[in-house]
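Look at the two complexes coming up: chain A is in both, with chain B in one and chain C in the other.
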Partner chain A sequence: MTSKPQPRATAELERGYRNMLLPAVFAVGIFAIVPLAGMLALSFSDYHLIRGTNWDFGFKNFVRLVSDKRLMGSVYAMSVLSFFGVLTQVLIGAAIAVGLSKIVGKWRLGRVLFLLPYAVPHVAVALIWLSLFTPTLSPINAFFDLFGITVPSFLTTQNGALFAIVMADTWTNFPFAMLIILAALQGISPDLDEAAALDGATRVQSFFYVTLPLLIPAFLMVTLFRFIDSLKHFPMIFVMTKGGPGRSTQATNYYAYIQTFQNSNVAYGAAIAVTLFIVAAIISFYVARLNQRITS
Partner chain B sequence: MIDNTSSFRVKKAFGVTIMLVLLFFAALPTVWVLIMSFREQAEIFEPIWESPLAVTLDNYRGIARSDFPKALLNSFICAGSSTLLAMIVGVPAGFALAKSRLSGKFYASWLLLLLRMAPPVGFVIPLFLLYVNAGLIDTYFGLIVAYMTLTLPLIVWSMWNSFAQVPDELIEAAIMDGATLGKAFLQVALPAARPGAVAAAILGFLIVWNDFFYALIITRSSTVTAPVAVMNFISYDSVDWGSIAVASIALTLPILPLMVIANRYIVQSLSGAVKG
Partner chain C sequence: MKRLLTTLLSASLFAGVAATTTVHAQDEINVVMFGMPYTKGLQAIAGDFEKETGIKANIDVIGQDVFENRITLSFTGNTGDIDVVHTPVIQVQRWVAADWLKPITAEVDAMAVKSDIMAGPLDAYKINGEQWAVPYMAATGLMTYRKDILEAAGVEVPQTWEEMLAVAAKVHSDETAAIAMRAVPGQGFNMFIFPMVMRAYGGKFFEDYTAGDLTPAINSPETLEALNVYMKLLNEYGPQGAGNFNFAEVQAAAQNGQITFAVEGTGIAASLVDPDKSKFADKTGITLPPGGPAGRSPAIAVHGLGIPASAKNPELSAKFIEWAVSAETMTKIALAQPFSNFTTQSVAQNEEVIAKYSKVHPDFLAVQAEALNLAVGHYRPLLPEWPALGQAIGENINGALNGLMSPEEALEAAEQEMRDILGL
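Up next, the complex of A and B:
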C-alpha cells in the first residue's frame, strides 16, 4: 500500500459506508436471521403441526437424531448423490472445458450448446429425466428394444433410482464446472506451456506439471460449491422418485421435509435442518477462508 | 508446435470423439423434450420412428388455455420484485463492503456464503408457521419477502466482488474533487461496475425463477409459480407428458437469453477467487 492522500476525514467516509450497509444489515436480520432463530427455537421444542406444543423444550430431538435409522439411511442417500454427482459434474465439466479451450477460433456456439442444460429449471430437468427413465416412454428404451435389449427400469431399485438422480443432476450442473474451469484455463498464459516445451517437457508433462497445478483453486471452488448445493437436493427427488422406492432416495434435506410437512413433526424436522445447517456453516467457513486467501 | 504424426492424429480423433459423445449427452434431453412437445397425445408412447408424422400443436394450445400462463406471470412478478428490492438494498451494501475499512469483513463474507448455502428447509419451516399465523400463505407479499432470503445474500456477495474490481483510486479521485460518497458511488463506482450489476440482477432473477421448494410450501392456487404449477400435469393415475414438455420449454425459454448474457459473469460473481 502506498501512502494515500487523506481526502477529508476518513471517519466521515467510514460513517458513509456504514450508512450504505445498514439497510442490508437490517434486511438480512429480518429475512434471514429471524427465520434461522425460529428454526433453532423449534428444534429444541416439541412443536407438532396438528397437536401444537406443550412448551416442552429440551434436547430430545437431538437425542432422537443419533439413533434414527431413517436419518442414517438419508445420510447414505445424500452421500451417494453428493459424491457421484459432484464427481461426474467436475470430470465432465473439466473434459469439456479442456476440449473447448483447444478449439481454435473460440467456437462460441459450442459454448452455448454446452451451457443450455444449466439454463433449464430443476423441476423441468427432473421431469425431462423422469420421461427418459420411464420405460414405456423413453426413446432410449425404444432404441435398445430394436436390438432386442430390454433396458431395466432404473427407478424401481435403490441404486438405479440414485443413478437416475445423479444423471439428471449431472446433466444440469456440469456447465457450471465447465464455466469455472474454462475461465481458469483461459487465464493461464500460453507462455508457460511454451517455456515448459523449451525445457523439454512433453505435452502430457506440461499439462500435468504446469496447467493442472494452476487449475487447483478452480477445481476446489467448483467442488465445494457443487458439494454444498448437493446437500440441498429437493426437486429432483420430489419429482423423480418421491424418495422411493421405499425410502431409499430420501436424502437428508428431503427427509427433513417429510418429517415436517408429511409427518407434521415440525420440531424434529427443524432439528434435522439445524444439523444440516451446521454442516453448511463449517464448509462455508472454509470456502470463505479459501476465497479470502486467493483474493488477497 | 503442430506435428502431424499419426499418434497425434489418433489422440485428436479420440478427443473429438469424446467431445461428440458429451455433446450428445448434453443435447439429447433438449432434443427429446422438443420432440415430445410436438407429439400427438395418442402416439406419445410409440417409438418416434413408428409415427414420425404424428405432429401437432395441440400441446401448445392446451398450455395456452390452461392456468399455466398465469403461473408464469406469477414467477415473473416474484422474481422481478424480489430481485429489484434486493438490488436496491444490496448494491450499496456491496459497495460499502468492498471499499470501506470496516472490520469483520471476513465474518460478513462467511455469513453471506452461509446464507446462500444453508439448506432451504431451515428457512421454510419457521416461515411457514409464521405465514400460517399471519395470513401470508399464498400472497405475493409473503412470497416476495421469502425470496429475499435467496436474492439478497447472492446480490450483496456478487456486488462485493464486482466493486472490489473497481480501482480504489477512481473513488478516491472523485472524493478529492469534492464529490460526496453517495455521488462517488452513483456516478463513478456504479457505472464502472455495471456489467457486474447486470449479472447480479440476472442471477437473482434466475434463482427465484428456478425455485421450487419455497413456492411448494408457501403458495396455494392463486400465487403458485410455474415450477410448482407444472406438477398439475401429473395426476394420480396419469401423466400428461405433452403438456409437461411444453411447460418445461416455457419455463426455460424466458431465461435462456439471460443465461447467455450472464454466463461469462457467472464465474466472477459466484467466486471472486477464480477470475473469468
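Up next, the complex of A and C:
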C-alpha cells in the first residue's frame, strides 16, 4: 500500500533543508553582512587614523563626496577602464568561445591554453604588462626599433595608461567570459541549427538569428559579473602606474585606498567604498531584472 | 568597537590582501618586514636567534605594498599578531600618532649595542622624549655614472644640477639616454628623489620646518626652478617612458647600459657598481648626487625595528631587536647581502666587510659616509601627515612631468593640497 507523504513528514523535511542552509547563512552573515555594516557605520563617522574620532556621526563625508573633484576624476578613470575592459573581454571571449565550440576531437584540449591567463595572479599579470609597456624593457619596442620605428610610450599619457591597463585586464579576464559563453553555446541544441538550415538559412543567418538570441542571458550574466569585478580595479593600477600619470588612472577604488591608507582618512575612504557598493548593487539589480524579463 | 569596525572595513575593501595570523606558541615571535637586502638577510639567519636564545622568530618578508595593508589591518584591529615590525622613519610619526607603537626607551637604554648605533638615525626615532624604534640602516641618495661615456664626450662628472643639464645635452644619444630617476607618484618614489633637486635650489616644504612654522611653502620660485630642471632632465635627456619609471626601471636601464647617470638610493646604486650585478660595473663610477645654489642635499631614508603597541610579548620582541641590530648579526648580513648602509658603526671596522665593499667599488664606503654626513634628517618632513603630503605633492609633480599640467599649476595645487591635508 502506498500513501501520500504525511504533511508532518513534509514539514520535517523542509525544516531539515532549512537547517542545512544555516551554515551558509551564518557564513554570509559573518563574512559579508557584518563587514558591510561596519563599513557603513564608518562612512558616517569621522574616524581618522591620526586624529582619532570625536564620535561625530553624520552625512559630512557624503556631502564632501558631491563636491570632490578628485572623486569625479576617479569615476571617469573607472568608467573608461570598466566600459572598455568589459566590452573587449566579452567580445574576445565570445569570439574565441564560438571558435572553440566548433572544434571537436582531441584538439578540444586546446581550450585549456586559453584558460591559462586566467590562472595567473593579477600582480604577476600587471608586472608582465608593465615590462611590455616600459619602452626600455619591452621586447615589442626592441623589435620595432630594428626597423627604425619608435613605438610611443603608453604609460606616460592618460589615454595610453588607461589603454595599457585595459589590455592587461582583458588579457587575464577574457577566459572567464569565454568559459561562460562556451558553456551556454554547448547548451544550445544542434537541432535548432539543423532546423534553420532546412528552412534555408545560411550559417551566418542561423548564427545571428538562432544562436545569438539564445546567448543573451549568458552575455548579460558575464557582463554583470565582469562589470562588478571591474569596479574593484586595484592591482593593475598599483603595479603599472601607481595611479599616474598625475592622477589620471586613479580609479575610484584606488582613490578610496589612497584616502584610507595614505591620507589616514578611514571614514572618507569608507564613504567612497559605500557609494561604490550602492552603485554596483543598483546596476546589478537592473541587469538581473532585465535578464529575468528576457528569459521569461 | 571602533577598532573592530576599522578592521572589518579594511578587510571588506581589500579582501585580496591575505592577513596571515599565526598562533602564538610560547617563546615564539612574529616579525613582519618588507623586502630589502637587510630584511632578507635577517630572515636567512633567523635560526641563529633561536639557537642563541631558544626563542623562535617567524620572520615574514613581504612586498612593501602588501606590508602597508597587512600592518594597518593588524594594528587597527589590535590583533597582537605582530611582535616586531619594520618601522621606516618616514612612517614612525604617523604610527605614534595613531598609537600603533610601544615606546621602548627603557628597553633601548638597556641594550649594550645602543652606544654603537649612529646617533642621527637613532634620534630620528625619538618623538616626545621617547624612543620608538631602533634603526638598522640609513640609505642615502647617490649618483652613478658611466665613466666611458663621459670620457668619450670629454666631460667631467657634474657637481651641480645646472652642470648636469649641460653634460646631459652632450652625452644624450639614441642608444644611451643621459639620465633616469624615479618618476612614479608616491612619497617613497618620486618624492624620495625630487627633494634632492628641490633642496639644491633652496626649495622647501614649509616656511621654517626646524622652527616649527609649518606653513606650506612649496610654491616658490626656487622649487619651480628645480621642477623645471627635473622635468627637462627626464623629458629631454631621459630614456623613453621615463615619466613612469620607478626604481626597478631605473636599475634595469642602468644594468642594460641604456643610461649614463642614475640618481638612486644606496641599494640600487651599490648594485650598479657591483660586478656581480651589472655587466657595466667596471665602467661605472659612484659619487654624490649633484647640488645647487643652496648646497647638496642627498636623500636619506632610515629604517628600523619597532614593537607594536599590541605585541603580546614585548620582552621577547626587545630581545629580538637587540640581536637583530647587534654588530655580530649586522656583520653576517653585510657579508651575505648587498647591505652596506648599516647603522651599527663597529661593523664598518670589520676587515672582511671593508674588503667586500672595496671590491665592489673602491670609493663606495667613503662616498656613502660623505652622503650620510651631508643629509638632513628631515629631508622628507618627519610629520604624521607626511605620507598624505608626499602622496599629494608626488602626484602633482608627476602630473607636471607628464604634461598634464604646467609646473606652475602643479606647485600651486600641491601647496593648496598641503593646506587641506594639514587643515590650514
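What we mean here is this: the second predicted complex is superposed on the first by the 272 of 296 C-alpha atoms of A that agree within 3 Å, B and C clash if a C-alpha of one lies under 4 Å from a C-alpha of the other, contacts with A are read in each partner's own complex, and residues count from 1 in each chain.
FYI, a contact is a pair of C-beta atoms (placed from the backbone, for glycine too) under 8 Å apart; a residue touches a chain by one contact, two chains touch by 3 or more.
Keep in mind that what you see is a predicted model, and the values were worked out from it rather than measured.
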Overlay on chain A: chain C relative to chain B, clash or fit: clash
First, second, both or neither for A:G38, with chain B first and chain C second: both
Chain C versus chain B, contacts on chain A by residue: B
Chain B versus chain C as contact partner of A:L137, first or second or both or neither: both
Which superposed partner A:D56 touches (first chain B, second chain C, both, neither): neither
Partner chain(s) touched by A:S264 [first = chain B, second = chain C, both, neither]: second
Contacts of A:S153 with chain B and chain C, given as first, second, both or neither: second
Which superposed partner A:D199 touches (first chain B, second chain C, both, neither): neither
Partner chain(s) touched by A:Q292 [first = chain B, second = chain C, both, neither]: first
Partner chain in contact with A:P235 - chain B first, chain C second, else both or neither: both
Single chain B stretch clashing with chain C - from 4-12, 130-138 or 202-210: 130-138
On chain A, the residue positions that both chain B and chain C contact, one per complex: 34-36, 38-39, 42, 47, 122, 136-137, 234-235, 238, 256-257, 260-261, 266, 269-270, 273
Interface residues, chain A side, partner chain C - complex: 34-36, 38-39, 41-42, 47, 49-50, 53, 122, 133-137, 141, 150, 153, 155-158, 161, 234-235, 238, 241-248, 256-258, 260-264, 266, 269-270, 273
Interfacial residue positions of chain C with respect to chain A in the complex: 2, 4-14, 16, 65, 68-69, 72, 76, 94, 97-98, 184-187, 189, 239-246, 249, 252-253, 256, 258, 384-385, 387-388, 391, 395-396, 398-405, 421
Residues of chain A that touch chain B when the two form their complex: 4-5, 7-8, 10, 13-14, 16-18, 20-21, 23-25, 27-28, 31-32, 34-39, 42, 47, 92, 95-96, 99, 102, 110-125, 127-129, 131-132, 136-137, 139, 142-143, 145-146, 171, 174, 176, 179-180, 183-184, 187, 197, 217-218, 221, 225, 228-229, 231-232, 234-235, 238-239, 253, 256-257, 260-261, 266, 269-270, 272-274, 276-277, 280-281, 283-285, 287-292, 294-295
Chain A-touching residues of chain B, taken from the complex the two chains share: 1, 15, 18-19, 22-23, 25-30, 32-33, 35-36, 44-45, 47-48, 89-90, 92-93, 95-97, 99-102, 106, 109-111, 113-123, 125-127, 129-130, 145-146, 148-149, 152-153, 156, 164, 172, 175-176, 180-182, 185, 209-210, 212-213, 216-217, 227-228, 230-231, 241, 244-245, 247-248, 251-252, 255-256, 259-260, 263-264, 266-267, 270-276
